[in-house]
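Once you scroll down, you'll see the structures, which are given as structure tokens.
You will see two complexes here that share chain A, one where it goes with chain B and one where it goes with chain C.
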Partner chain A sequence: MGEMPQEVATSMALPWWSVLLLPVLLGVATWVVLACDAALEARPVGGPAGMGPAVAAPLRETARLLVGQRRRTLAGDRVLGGIGGAALPVAAVLAAAVLPLGERPVADLSIGVVWFNAMEVVAWAAVWMVGWGSNSALGLVGGYRFVAQGLAYELPHMFAIITAALGAESLRLTTIVDAQRDLWFVVIMPVAFAVYLLSAAAMAFWGPFDTPLSREVAGGAAVELAGVDRLVFVGGRWLLLVVAAAMAVPLFLGGGVGPLLPAWAWAVVKTAAVLALLVWLRRRFPAVRMDRFTEFAWVVLIPLTIAQALVVALVVLQRGGM
Partner chain B sequence: MLPIILFWVLAIGALVLGYLVFRLDSMAQVTFALLGSFLAVAGLVLLLGLAYLGAVIVLMMIIEMVIMAVFMIMYMMNPAGLMPMTMVHNKVGSAAIAIGTFVVLAAGILLVDWPGREGAPAPDPTFALGEALMGGQMLTMMTLGVGLFATIVATVVLSTDRGRYDRLGDDLRAPRADGPAGGGVGR
Partner chain C sequence: MELPGGLPMADLGDDRDGLRLDRLHVPLGPVLPDWPPGLVVRTVMQGDVIQEAAAEVLDAGSGRPFWRHAHPAARELDGLARFLGVAGWADAAARARRLRDELLAGASAEHVRGSAAALLRRVRRSRTLRWQLRGLPAGPTDVAALLDGRLAAVEAAVSAAAGSAGRRASRAALDELAGLLVGSELAAARLIVAAVDPETEGASAHEEVRHG
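Moving on, here comes the complex of A and B:
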């Protein structure tokens, strides 16, 4: 203890123009996930089968929303609603700035993990603001549901990601990836990984955690969104899902490390695997009610993740770290 | 040049948003104006090169202000919270205190004869902060943490009208807890 870590000066950031590339990459990834989800959706409901219509489905929906009318409600709070809707995709892209695209991220921040956490938590404010902004009871119900959900998933989530940082003794994501050259963190911290996956679904209000936008409240927080507003909000939600899934790769799955293929290809493969798991999760499990999940999260998940962090701390100490 | 422009944009943004807290007529907008002011301050902290502290301010303030919005609306607006309402608790007094504090602090910044810098900042401020908290100040921080936690628990215990005997019966042997919310782990 006492000496500074060597990683201070080294930065592995990509050149500045990669900032422009990032939204494009995320958009393409989102398109692929949407297409796969649409293909799976088409099977049980008997829609047009096959990948062809599924690949076109996101484009068609985007075009429909782009030309569609925006909806204004009586005495709605358009300022907060607008800010909330726009904040979701912006936060998702900003969170992805520290994501190693292969080996190097767009911004190799020394506090990458905290930055990701801070950007991802913008969803709390965004969903609540959108739900509030429409001046609709159902929208408000959806917004409040997401705040309750946030209270449930956020603390286990923080413990999970900080366990990965603890294992690498750094908050910098490239250093965390480097620390996994011999052994992926998912092996020594399986509980943290599982909790992270749950919280990734919860923060993007996805799958079993989609009650803030669920059908039984007519679409919840997004109930009055139409046209471009809906495109931005729902698109932001998908981006957030992709970013959260992609972040599991550098945190727990060894980043771009792997044989034969280049680093970026491994990152893509692993991200696709995590996303497939999340898409499967949605189809496999019924909606989770927050009044049931909150107690489980606080009474079971938080102690589990703290115990996990303790185990990892002992491993690090035993390795001679710190 | 860019840091100077950023400084002024963030500084003026923090002040204007802080002022809007007293001007807006919706508790929701007031809460998020306050959040915007805090985020501008977080930007200033980032500008100082304190990346960890800046990011943590963003993280904490967003969570805090969203929860705050729930309570502000619950206590200060009508039940649905959808009608205009403004902060009416000693508005003039609190505005005077806020502006007065700002003027005193700003005057202090400009008038005090600051000493020149001695020594150099730590190469990694995050590491230095961690070392300070977990090293020399560890006892203080641990006491503070436990004290805060005890306060939270005590407040909840004092304010709730239901205890474990209501949930689990007089002998604490009910097979499932009788909780108002239902669900959970059953205890």
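Moving on, here comes the complex of A and C:
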């Protein structure tokens, strides 16, 4: 690495108490996305229109799940399933720790990209544990579907985020944002950005990649979850989706950089745009099964992302970096 | 030996590669989302691959047949909605269900023709859906071809002259269904059942067909 003054600047992190703020912020963002999704959901069905019922829908559902009875299955592994369910929201919040909220993250780790990746992979274990813990055939099928999905999306995903790190010559997210002051990374690495969007949906088992929890296996890994167990698991999944979308902003969309508005506002606007894209993706496409997608991911996406990384490496070399 | 929860151990059987693996007895239905009403497919599975299948209709012949007096297009749209639901396309499925409900509420076929044509065009044009269905074996043909048949049936039923009941599309009987499922994975099996969309209302009582 060349001389990087930012590398020594460890004071970029927000004060420690902002850790407490993180779940609140993510919760609010999740609520907004849920409300928008509910409003879109109501449209083709001809249900109650407008934002009023849609805004209330997540609250109503939360209250219903809080008072609802938890479900026990015969010979289920409650400890394993419980740990899995709780791991999902915890992993999402921990992944968000390195996310710059505007300019500064809660924890400005020098290996931020790797930290995010590690937290996101916790979801694999979480979904599998929940599926196994229910001792139900459909739950088990759902759990294993997510493991297969991980095998398909993870390698292209890692090449995509590493390309962003390569462009900035750093794994620190604040440095990656600084490197985009002149030019957003999405411009010089569009393939990596597109692959990142796909894998953001896949890691939150969202949109066309929701077969681990699909309706066709009666809810898959989450089939036996009820009451507060379901609230924690499904809430964790939404948090993960929001964090995955928000991470696209520092990696590819220039972080909080923008005219007029303060950095945090730009981060919010850009995150909202990515989330809108993901919500649209789900309505636009039918589910993608891994017995078809894995081939595409390994034969098409991996070579594409490697070629993208190569191009970015040449750009960096030509600039006189490394 | 005390077994966990008093459940029997899974028995062993040869799988498609000749390995001896656990076999699990899993009934599919009668209650599953987007599943033909009353249908039960009792399967023997290894992993999520179906080794044996037996299809039957619960309480066949009892109760009042619902679809017999409804508009044929409503029946076809109901089947299409269930297929799209199984294919994980909630948005398109919701549109099909809405058209079905309009017909059941007494709207004329002319009234829904435009939106039905738009829906069919959208489903036919979806390259992702084709990619997911092409080459999924369902007997002599594949699921994509079965879907084409269903879409044509919707089209014919919607454009049949108003007032005339229109011809009802022929559907595969139960005995063909169980045979199609053997050797397929659970996701494929669900797509096959939804694409075949067997008639479960008129089935004779205690009809059971076993394959495997």
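As a working rule, the second predicted complex is superposed on the first by the 313 of 322 C-alpha atoms of A that agree within 3 Å, B and C clash if a C-alpha of one lies under 4 Å from a C-alpha of the other, contacts with A are read in each partner's own complex, and residues count from 1 in each chain.
The rule is short, and it goes like this: a residue touches a chain if its C-beta (ideal position, glycine included) is under 8 Å from a C-beta of that chain, and two chains touch if they have at least 3 such contacts.
All values reported here derive from a predicted model rather than from experimental measurement.
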Exercise. Kindly classify A:D210 by the partners it touches after superposition: chain B alone (first), chain C alone (second), both, or neither?
Key: second
Exercise. For A:Y153, select first, second, both or neither according to whether it touches chain B, chain C, the two together, or no partner.
Key: neither
Quiz item: After lining up the shared chain so the two structures overlap, which partner does A:W115 touch, if you call chain B first and chain C second: first, second, both or neither?
Solution: first
Practice problem: Please work out whether A:A75 is in contact with chain B alone, chain C alone, both, or neither, and reply first, second, both or neither. | Solution: both
Quiz item: Is A:V299 contacted by the first partner chain B, the second partner chain C, both or neither?
Solution: first
Quiz item: Touching A:D291, do we find chain B (first), chain C (second), both, or neither?
Solution: both
Self-check item: First (chain B), second (chain C), both or neither touched by A:M129
Solution: first
Self-check item: Contacts of A:A137 with chain B and chain C, given as first, second, both or neither
Solution: both
Quiz prompt | Common interface residues of chain A - those touching chain B in one complex and chain C in the other | solution = 75, 135, 137, 144, 289, 291-292
Exercise. Can you check the complex and tell me which residues of chain A touch chain C?
Key: 41, 44-46, 74-75, 135, 137, 141, 144, 208, 210-211, 214-218, 282-289, 291-292
Quiz prompt | Of chain B, residues touching chain A in the complex | solution = 26, 28-29, 32, 35, 51-52, 55-56, 58-59, 62-63, 65-67, 69-70, 80-82, 122-124, 126-127, 131, 135, 181-185, 187
Practice problem: Write out the stretch or stretches of chain A touching chain B in their complex. | Solution: 1-2, 4-5, 8-9, 75, 77, 79-80, 83, 109-111, 114-115, 117-118, 121-122, 124-125, 128-129, 132, 135, 137, 140, 144, 147, 150-151, 154, 171, 289, 291-296, 299-300
Quiz item: Along chain C, where are the residues that touch chain A in the complex?
Solution: 4-5, 7, 24, 26, 32-34, 45, 48, 84-92, 94-95, 97-98, 126, 128-129, 131-132, 185-187, 190
